[in-house]
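Across the two complexes that follow, subunit A remains constant while its partner is subunit B and subsequently subunit C.
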Partner chain A sequence: MAELLQILVSGLSAGAIYALAAVGFTLLWQASQTINFAQGEFVMLPAFFVLAGMTIFGLPLWAAILTAMVLSLLILGAMFKKLIVEPMLPHGTLPLVIATIALGLLMKESVKEFYSAQGQPFPTLFPQHVLDFFGASISVQDICNLIVAFAAIISLQLFLGRTRTGRAMQATAQDPRVAEILGVDVKRMVMYTFLINGALAAIASILISPVYLAKFSNGETLGMIAFIAAIVGGFNQIKGALVGGLLIGVIDNVAAVYISAEYRAAIPLILLIVIIMVRPQGIMGTSEGRTV
Partner chain B sequence: MKRTYLAGVSLTALLMAGGAVAETVKIANISELSGPGAAAGTVWAHGVELAVDEINEHGGILGMPVEMKEYDSQTDPQVSRALVQKAIDEGAFALLGTVYSSSTVVNMLVAQMNGIPQFTASEAPSITSKGNPYIFRTNWGAQKGMPKIGSYLKDQLGVSKVAIAWANTEFGKGGHDSFVSIVEDMGLDVVADIPSEQGQADFSADVLKIKNSDAEAVFIYLTQEEAARFLMEATKQGLDIPKIGDSVLTSEKVIDLAGAAANGAKGHVALTIAADEPRVQEFADKFSERFGYSPDYNAMKGYIGAYTIKYGTEMVGEVNSQKLADVVHGLCLDADEYPGVLIDMCWDDTGEVSRESYMVEVVDGREQVSEVLPAN
Partner chain C sequence: MTALRILFLFAFGIALFIAPMGQGNYIIYVLCSWLIFSISAMGLNLTLGYAGQISLAQAAFMGIGAYITALLTMAGVHWIFAVFCSISASFVIGLALGYPALRVQHHFLAFVTLAFNTLVFLVLRNEDWLTGGSLGLVGIPRPEFGPFNTMMQLPFYYFVVVCFLITAAAMAWMLHSPWGRAFKALRENPIRANSLGLNTTRMTLLAFAIGSAMGGLAGALQAPLVQFIEPGSFTLILSLKILLMVIVGGSGYFFGPILGAGLVVLLPEMLRFTDGYYLIIYALLVLVVMIFSPQGLIGLGQKLLASFKPQEERGDLKQGAQL
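After this line comes the complex of A and B, so read on.
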């Protein structure tokens, strides 16, 4: 029982961070039909903003994180929309997907070239204590990661559901033409979505890098897991991305302990295949009809 | 007439330039400068670079400057194989690298087919057991260190149940098989046997399984970044049993990445800058000053590999791949006479290395030697 509890907490902690990245997939899809295959690199990059702030500019951790957050909003939010999405979107989804793949490669290779190809230690924000809870060793860091990730997603849900801007963003996601007729500034709402994605990516990066270490190639794994989580949970629902992320985190740990450490990486992919066959819209997703 | 004369002068100049180029000793380093092995490969490459620059500052090899080309294997065995062929095609008479055994077992066949000696950092037992007369280690293989680790676990720690966390790669499999065979022969019980994938980031399940296995010690046979992640997770979960490893576990890079989580880790190492040897300390100072970080055993291996090519070639008296390979088999180098090898070492007829070794422990973020063990 203690073992299962420990696996669940550890899995939920990792899963909540995957969920942050997965939410980014769903947000961009809803706002602009963008599938961002550079999402993994979006989570990799802010950690290097923090490290550069601390090692090159000598900033304290809090200031480096603040700077990384601002840079993430500018580069991963605003510039990504203005320089990649806006010029490519009129040419269709496929060219945009290819452009995001190219962007991911560029980001990865740039970090390797300008920072380092080696993994870097990353400071943790939380105490390294371990709590004994009914015989299970529960890490304070895991609990804090879980709380911060949940707080970010719940805040986002509240913002989208309870504020005028949030509702305008949802209207834009559902039907931009009708939203525009109703007086919503659609362009601004789409921009907000990209900024939120940049912020979520930065939070995910700061939470996961103390565990993964900051490394240029981290995006490969994170991007794949977040993409699977978004599909499993439902690509058109934020709560779907949350469920998908948590599920993948827990299943990964359970599989490694109770099934096979060698085949743990295959289990989320099997889940993905099953979901696509049984419920293509994802666990929490809704079916979308498209005219072809 | 004038045009013909000019053409003749130009041709002579070109030939002279060509002649000058030919008067260099070409070697190549193929290592993991990117990909999962970058931590180890970059440090090795820096060790090689330092040695080559020193050799050139002191007159090169047989009075000729060393021209070294560097290739990035991207930690991909097939890329490394292609690069070994490329290096040979470009005229390298001896090779350095690769570090990861998974790559070396593949690319050493190319060097063997071409009759080019290759000095590798790899430690998988299989490397020197395939009868390849052109492969030479710069450190002994895992199979030579395992009996010492087994004895340490049994006799000094009094352990009867042990867990092993190992990398599911050529390097890891070789070390795992040697370790399990030796400790079982000694009567120890392997109660948890946990493989992990290259580049694995989450070790929570691995540590949990070991924690629940009743193991009295864990042998950690992972590559650097994975070893650091394992130690951090072990600290996070309060895994309070001795953590024993080889050169990797207590290396500078692992200490740098794992921080305080590395404290208490113990390793059986062949090469360490904590060794009380003036030559090692001098090397560590030069390396730190040049590259801005402390070297580890991979840097020492790269340095030793480059100097072995120099010493071997000068013993032969000519730049000849076959003769270099022949002379290193059975060679012993005394570090007083050949300071580039740092510590006395010998190669047997399979390219395997013998030298003394150390038991070290990480204390306050630094390796400390607790025991010097004789060569075996």
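After this line comes the complex of A and C, so read on.
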């Protein structure tokens, strides 16, 4: 029982971080039909901004994190939209898919060549204590990760639902043409979406890197998991990405302990295939209707 | 077919024939791998460029083909029989995988195949008793056809050329048959194709399964070429590379994937002098090609050609012509 609780908490903590990446993924899809195959690398990169800030420019941790946040907004948000997505969007999704694959490769190889090919230890923001809770040992870091990730997602949900800009963004996602007619600045709203994705990626990166070490190849698994979480939960819902992320985190941890460590990576994939067959719109998703 | 086209095909054939002469083993190896990846990319082009579905499992089908051929030929079965098994297995698995995914919406085949590729990798790595686990299979024999032995690099190259030409001819024939036209109709306007009485689901599924079978064939050639296979050579990264070949070359064009495969296989060799930076340069090149010509290189070439051709336009039909 204690063991199960332990696994659940660490699964939820990892899942909440996956959810951050998955939410960004979903937002981009909604706002601009962009399937971002570089999402994993988007989560890998900000940690290296922090490390570079600390080791090369000698910044303290908080300043490095702040700089990394700004850089993520600029590079992963604004530049990604202006330089890559915007010129390619009129040509359909496929060239964009290829471009994001190439972008992911570019980011991964650049980090490997210009920073390091080895996994880098990353400073943790939270105390490393382990609490004893009814016989289960639960790390404070896990709890803090869970809280920060949830806070980010809840504030995003509030922003989208309760503010004028947020609602304009939702309108843009649902039907850009009607939104435009109703006086929404569609281009700006899409830009906000890309900025939010950059910010979410940076938060996820800073939370997950102390756990897994910062490494250039982290993006491969992270991107895959964000992708699966988004589809399992429901591609057109933020709630869906959250549920999907948490589910994958828990299932992954449970499978590693109780089923088989060898086929651990297969479980989310099988879940993905089953969901697509049984409920293609995802657990929380609503059906998008026919295209005719 | 214009005279120019026939001349071009003829020149291409001659070039294929004389390319390896006087070259070292390594160059011939690179040429073989270009042809093999061309076959695989042509299969994906059928799924992607003609039927309009994204498949991210072409490497998995190559893996399935390669492992089946490797296991059978190592057990003493002749390559011809083994390749037949590889192709049929890939075709059937393609059908089984595509059927549920294609019932639902368009992007789902991409997601299902993405998961499938990783599943295949896990099975290849974990089932040691059959596949040799992460160590892979070593010492795959090359086929022998009576007195014609392909153990040496040069005969093997000509053997691959023959397989490539047969596949390309079959592909060209299929694209001009009613099937091929149905595939194109699907890509251009699925709703209209459906209203004209085409069973769109069945045609898409068929295109995907045939494309997968061509992946299986490519794998069956890859195994005797390298004579060593391991699960790590058939991961998602390779699928993405094959996708890249199709798109960068020009999807929906017959020669697109062949050009793309050449680029993806040869470019790293050409950029070797840049040491570790070649993947960075490579990724940048792909980004630039995609931003400036989403139709790929063949599309870019056609655009350039069209801009040099004189425009034959009747002035009196122009809007606002002063008559």
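Assume the second predicted complex is superposed on the first by the 289 of 292 C-alpha atoms of A that agree within 3 Å, B and C clash if a C-alpha of one lies under 4 Å from a C-alpha of the other, contacts with A are read in each partner's own complex, and residues count from 1 in each chain.
Here is the rule we go by: contacts are C-beta pairs under 8 Å (C-beta built on N, C-alpha and C of every residue); 3 or more make two chains touch, one makes a residue touch a chain.
Remember, predicted model here, so these are calculated numbers, not experimental data.
> Identify whether subunit B and subunit C fit side by side or clash on subunit A in the overlaid structures.
Here the two partners, once superposed via subunit A, fit next to each other without clashing.
> Would you sort A:I35 into first (subunit B), second (subunit C), both or neither based on which partner it touches?
Second partner only.
> Looking at A:P121 after the superposition, I want to know if it touches subunit B, subunit C, both of them or none. Which is it: first, second, both, neither?
first
> So, A:V97: does it touch subunit B (first), subunit C (second), both, or neither?
In the superposition, A:V97 touches subunit C alone.
> Examine A:Y212 and indicate which partner it touches, taking first as subunit B and second as subunit C; both and neither are also allowed.
first
> Roughly how many degrees, to the nearest 10, is the angle at subunit A when you join its Cα centre to the Cα centres of subunit B and subunit C?
Angle at the centre of subunit A: 70 degrees.
> A:I7 in the overlay: touching subunit B, subunit C, both, or neither? Say first, second, both or neither.
first
> For A:P280, decide between first (touching subunit B), second (touching subunit C), both and neither.
Only subunit C is touched by A:P280; subunit B is not.
> Name the contact category of A:D142: first (subunit B only), second (subunit C only), both, or neither.
First partner only, subunit B.
> With both complexes overlaid on chain A, does A:L269 touch subunit B (first), subunit C (second), both or neither?
So A:L269 only meets subunit C here.
> Could you state the shortest Cα distance, in Å, between subunit B and subunit C after the structures are superposed?
6 Å.
> Across the two complexes, what residues of subunit A are contacted by subunit B and by subunit C?
On subunit A, the residues that contact subunit B in one structure and subunit C in the other are 112, 262, 265.
> Applying the document's contact rule, which stretches of subunit B touch subunit A when the two form their complex?
33-36, 38-39, 42, 168, 194-197, 199, 201-202, 204-206, 208-209, 211-212, 224-225, 228-229, 232-233, 235-238, 253, 256-260
> So in the complex, which bits of subunit A are touching subunit B?
That would be residues 3, 6-7, 10-11, 14, 112, 116-121, 128, 130, 137, 139, 141-142, 210-213, 215, 217-218, 221, 252-253, 256-257, 261-262, 264-265 of subunit A.
> Looking at the complex, which residues from subunit C come into contact with subunit A?
For this pair, the touching residues of subunit C are 48, 54, 100-101, 104-105, 107-108, 110-112, 114-116, 118-119, 122, 126, 191, 236, 240, 243-244, 247-248, 251, 276-277, 279-280, 282-284, 286-287, 290-291, 294-295.
> Show me the residue ranges of subunit A that touch subunit C in the complex, using the header's touch definition.
Touching subunit C: residues 35, 37, 83-84, 87-88, 91-92, 94-99, 101-103, 105-106, 109-110, 112-113, 224, 227-228, 231, 262-263, 265-266, 269-270, 272-273, 276-277, 280, 288, 291-292 of subunit A.
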